[in-house]
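Shared chain: chain A. Partners: chain B in the first complex, chain C in the second.
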Partner chain A sequence: MTEYLQHMINMLILGSTYALLGIGLTLIFGIMRIVNFAHGELYVFGAYFVYFVAVLLGFNFFLSLLFAILAGCLLGALIEVALLRPMRGADIDTTMLIMIGAMIVMQNTEQYVWGGVAKSVSTPFPETPLVIGDFSVSWLRLFVFFAALALIAAAYFLINRTKLGKAMRATFQDRDTAALMGVNIQAIYMATFAIGSSLAAAAGALLGPVYVISPQMGNIASLKAFAVVILGGLGSIGGATIGGFILAFAEEMGAGYVSSGYRDAMGFLLIIAVLLFKPTGLFARSERVG
Partner chain B sequence: MAKHSTRYFTAIAATALLSAGLVGQAGAQTIKIGVNEPLTGPFAASGTYVVNGAKIAADEINAKGGVLGKKIELVIEDNKSNPTEAAAVAEKLITADKVPVIMGAWGSSLTLAVMPKLMEYKVPMVVETSSSGKITTSGNPYIFRISPPSSVEAAAFKNILPKMSVKKADFLVINNDWGRGAAEDFGKTMKADNVQIGLVETMDQSAQDMSAQLSKIKSTDSDTIMVTTAVEQLTLLLKQATALGIKKQIITTGGSQNPDQLIDQAGVAANGTFHLTTFAPWYPDDTPNPVATKYFLGEWKKRGFNFAGATESFRGYDGIRTIAVAIEKAGKAEPEAITKALWETELMGLNGKIKFEKQGPAGKESGQSMPNVYLIKVDNAKVVLPKL
Partner chain C sequence: MKRLLPCIALLALASVPMWLKDPYLLNAFVTTGIFIIAAMSLNLLLGYTGQLSLAHVAFFGIGAYTSALVALGFDVELVGGIRVVHEPWPVWLGFVIAILVSGVCGYIVGKLSFRVRGAYFVIVTISFAEVVRLVALNWVELTQGPLALTSIPPLTLGLPGLGYFDFFSKQSNFYLVLGVVALSYVIINRLVNSRIGRAMVALKENEWLAVSVGIDVTRYLVLAAVVSAAIAGAAGSLYAHYLKIIDPDVFLFLYTVTMVIMVITGGKGTLAGPIVGGLIFGFIPVVARSFASPELQWILYGLFMILIVFLLPQGIVPAIEKWFGVGEEPREPGATKPKLQDVP
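The block that comes next holds the complex of A and B.
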């Protein structure tokens, strides 16, 4: 029982970060129809940015997180303007290839700038864990969990309660009609990509200090993000949130009770099962009209 | 358009000619040694240290006049911690760079992937780090290993085991040839000493979160966790074990723990952990070859490298020196002559005598040298040799 509850605590913490990764990706796909293969690299960017600001420049840790999120936002806007705007109207395969190219360039740049050896970031949190009875959790992970939840809530609020969010949803439903109603589509696309990117950077900034930071860390993050999005249904933010927790649950239980060697396979087995019965994912929104 | 492409073609042709010229020139004056190491990916830190050690050896040898009157030249390639890449790199080193001998490939899975290429091209490789037993027992006569296989490490551990309080142990090992081999060899040794073996858990080499495995181990009644993996994953693992409030004794194997890097990156989580290593740079006077050890550590420091890397980099240093002695003995830089000469090679490495014994099926034995193994402990952010 104790072991089970410890697994559940691990699952919640892991799930919150998977959800954060998935939301950024699903947002971009849902609104822009762009499969963002560079998502994992934006995650790495966030992690290295925290390392740069907190460790090399010596800024406050929390301030560094904020800087990393803002920097992710800016980089996202830059990618949108430089790479995606000229390709507006191109089909999904073309932009996919562009994003794969962007991913390779970014990963190699990280490797060139930071080298292949992993970096670690120390945090103001105590290294001795919080212990309640038989359960134990590190303060840093607890902070990451609540920060991730706060960011997910903020993304929700932005999309469902603000004017920008309304315009984004309108664009998602029908781009041409939204444009006719006076929505500035170019601005919406840029905002969407910037927000999605900043969420990926935020996930990297939060998880970099939990793990160690290396140029290849984006590969596995990308894989998990895609898994979460496919599980939850492409374009669904609620789906991505729940998908994140389901994936974490499958991995944690799979490793805990089936076999740790197949930990990563568990999530994908689950995806295959979901796709067999519900090919659009668990919570897919209806396809855009037109 | 036509003019454009002509100019383009001329440029390519010129580049090709130029580089061909350079390669030809370099080949005439130097003896090439291929180095196949992970410089990126999960084993980047370790591979980089080994390469830095190799460079120190090459510079030392060249400063003394080189080998057979020629300077040696390291052709260093990154195998990306990936077995497929490791095999491709070996092929490239042999066919494109024409190296007569290779050092590599750090990890057991990486080395095992390279081995068929050695058979195919009949080029010898000095294995500096890998510890899976399979490497020297599968009948590849081009393999010469200076690192201890898990069985030798486990045998050394057998002498230490009775002095430590271990009644029941769980294993958490990297899910590849290295980790599974270590779990098997150490499991056997420990069972023979009446230690109960509990769980054997694995982790993917690129996994960053081992909380699930550790939670499972936390709830068993074992008193010790035997861990096999490289420094990056070990750092995460120790941090996560501390976060989960695990109080069990942790002993690591494999010699790629870089204890100083652990102390630096894992902090208090490294305290109280035991590590089996093959080099003890903290106590140069206690090593088999104090003079060489001090020279090596001095060079390492002079080049501004992190002291933490010394426990890994010495393998690269010893590996290249072994190869240089073999080439000198062979009298020519050709694969067949070097393979033969390696059997007669004998030198004092930083961790004892390097001399190859035959292992594996008769007629196609691999070479295995038998290095020393030390147990060290991290105590209050310092490395100590526990008096047992």
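The block that comes next holds the complex of A and C.
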């Protein structure tokens, strides 16, 4: 029982970051119809950015998290303008190939710049974990959980309560009508990609200090983000949030009770199962955003 | 002209081991040839049916592992204490079984994943490839996991009256690979120029319309997946017996990407496309290794891929055909192709 509850605590922490990754990806797919293979690379970018600012430049840890999120936002906007804007209207396979190209370039640039040795970031949190009864959880992980929840809440607020969010939802529902109503579609696309990217960078920035940072961690992050999005239904933010926790639950259970080697396989088995039995995802009635 | 060109190309390539003695370059030819076979099989799906399958490396790897395991033998205990012992079999049998097993896997994956299209299809196929990679990594009893399967014997061929011939040297492997390339070319050529091939192209151009004139979509897509997977399995088997060592890294996503780049660059939906694209991308590392580290080479690959999609979305071969005015059939300019995209 204790073991089970400990798994649940881990699940909540892991799930919150998966949800962040998934929300970013689902926004981009829902609104722009782009399968963003570079999503995991923005996650890695966020992690390395924290390492760069906090460790190499010696800034405050919390400040460097903020910088990483902003940098992710900028990089996302740049990718959108440089690679996706010229190919507007191309079919989904074409943009997918471009994003695969971008993924290869980014991943190997990280490898080139930072080398193959994994980097770690020290944090201002105490080394000794918080112990309540039989459970223990490190302060850092606790912080990651609450920071991720705050960011998820911010994303909700942005989509559902702001003018930009309204324009994004309108674009999702009907691009042409939204344009006729005076929504600047180009700006919405750029904002969407930038926000999605900054959420991925935020997930990387938060998880980077928990684990170690290496250029290859983007591959698995992209695939996990896909899993989360498929679970929740493409385009559904609520679905992505719950999907993140379901994936984390499946992984914790799989690693804890089946075999730790197959931890990463759980997500893919879930994807395959969901797409075969309920292709619209577990939560979306039809494809939607918001 | 159209028929002569492949024969001239084949003869030109067949002469290579006679004048090229550098083992490094010959090795590059052999591995490039193996990837060209895989890219040709991917082209059947990507180019002719229009489905971007990212599971291709899984069939390649399954072929490699199957072939190696049949030739090496194994001894595993399955769930429930059932022990399966396999004594080593002749290597050529491994090659045949690899093709069969990959084909069967192609059937299963096709049957399951062609229920969805577009982005969903891509993600199902990539998930399948990752699951297979994790199995290869973790089922240590069968695959040795990260320790790799080693000392895989070279492919041998028993000819009646002539005794056994083993493909050990680089020269013999070159001709073996060239033979399989030619054979795959002929098979794919026959397939795409048949009724079946026309049905596949019809599916790619307009799936709704194809369905409405009575083409059984899933049947043709699955057929394409089976043939494609079987050829990829053959390529994997050649790879295993040529390198003589195989580890779970053969399932890496980057290998799928390499095949996709070869097809896209050469020209998807053309017979020569994967060969041209394959030769280009097979030899970029040979040229680039003198001045660029592996990371830089990959950065170049990625940039090249983006550039090709931007500048020559149809690929090199159609561009050349257009240049010389020998295009297969006039392509209607800018025709929009409504697909069943993203309709699960």
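Assume the second predicted complex is superposed on the first by the 285 of 290 C-alpha atoms of A that agree within 3 Å, B and C clash if a C-alpha of one lies under 4 Å from a C-alpha of the other, contacts with A are read in each partner's own complex, and residues count from 1 in each chain.
Just so we're on the same page, contacts are C-beta pairs under 8 Å (C-beta built on N, C-alpha and C of every residue); 3 or more make two chains touch, one makes a residue touch a chain.
Bear in mind the structure is a predicted one, so any value in this text is a computation, not a measurement.
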Touched partner set for A:Gln111, first chain B, second chain C, both or neither: both
First (chain B), second (chain C), both or neither touched by A:Thr2: first
Contacts of A:Thr94 with chain B and chain C, given as first, second, both or neither: second
Partner chain in contact with A:Pro279 - chain B first, chain C second, else both or neither: second
Which of chain B and chain C A:Leu83 touches, first, second, both or neither: second
Which superposed partner A:Pro124 touches (first chain B, second chain C, both, neither): neither
Touching partner for A:Leu234 - first (chain B), second (chain C), both, neither: second
Chain B versus chain C as contact partner of A:Asp264, first or second or both or neither: both
Residues of chain A contacting chain B in one complex and chain C in the other: 111, 219, 261, 264
Complex contact set, residues of chain B against chain A: 39-42, 44-45, 47-48, 78, 175, 201-204, 206-209, 211-213, 215-216, 218-219, 232, 235-236, 239-240, 242-245, 265, 267-269
Parts of chain C lying in touch with chain A, wherever the complex brings them together: 50, 52, 112-113, 115-116, 118-120, 122-124, 126-128, 130-131, 134-135, 137-138, 253-254, 257, 260, 264, 293, 295-296, 298-299, 301-303, 305-306, 309-310, 313, 337, 339, 341-342, 344
Footprint of chain B on chain A - complex, ascending: 2-3, 6-7, 10, 14, 111, 115-118, 120, 122, 127-129, 131, 135-138, 140-141, 211-212, 214-217, 219-220, 251-252, 254-256, 260-261, 263-264
Chain C partner contacts - residues on chain A that touch it in the complex: 29, 33, 35, 83, 86-87, 91-94, 96-98, 100-105, 107-109, 111-112, 219, 223, 226-227, 230, 234, 259, 261-262, 264-265, 267-269, 271-272, 275-276, 279-280, 287
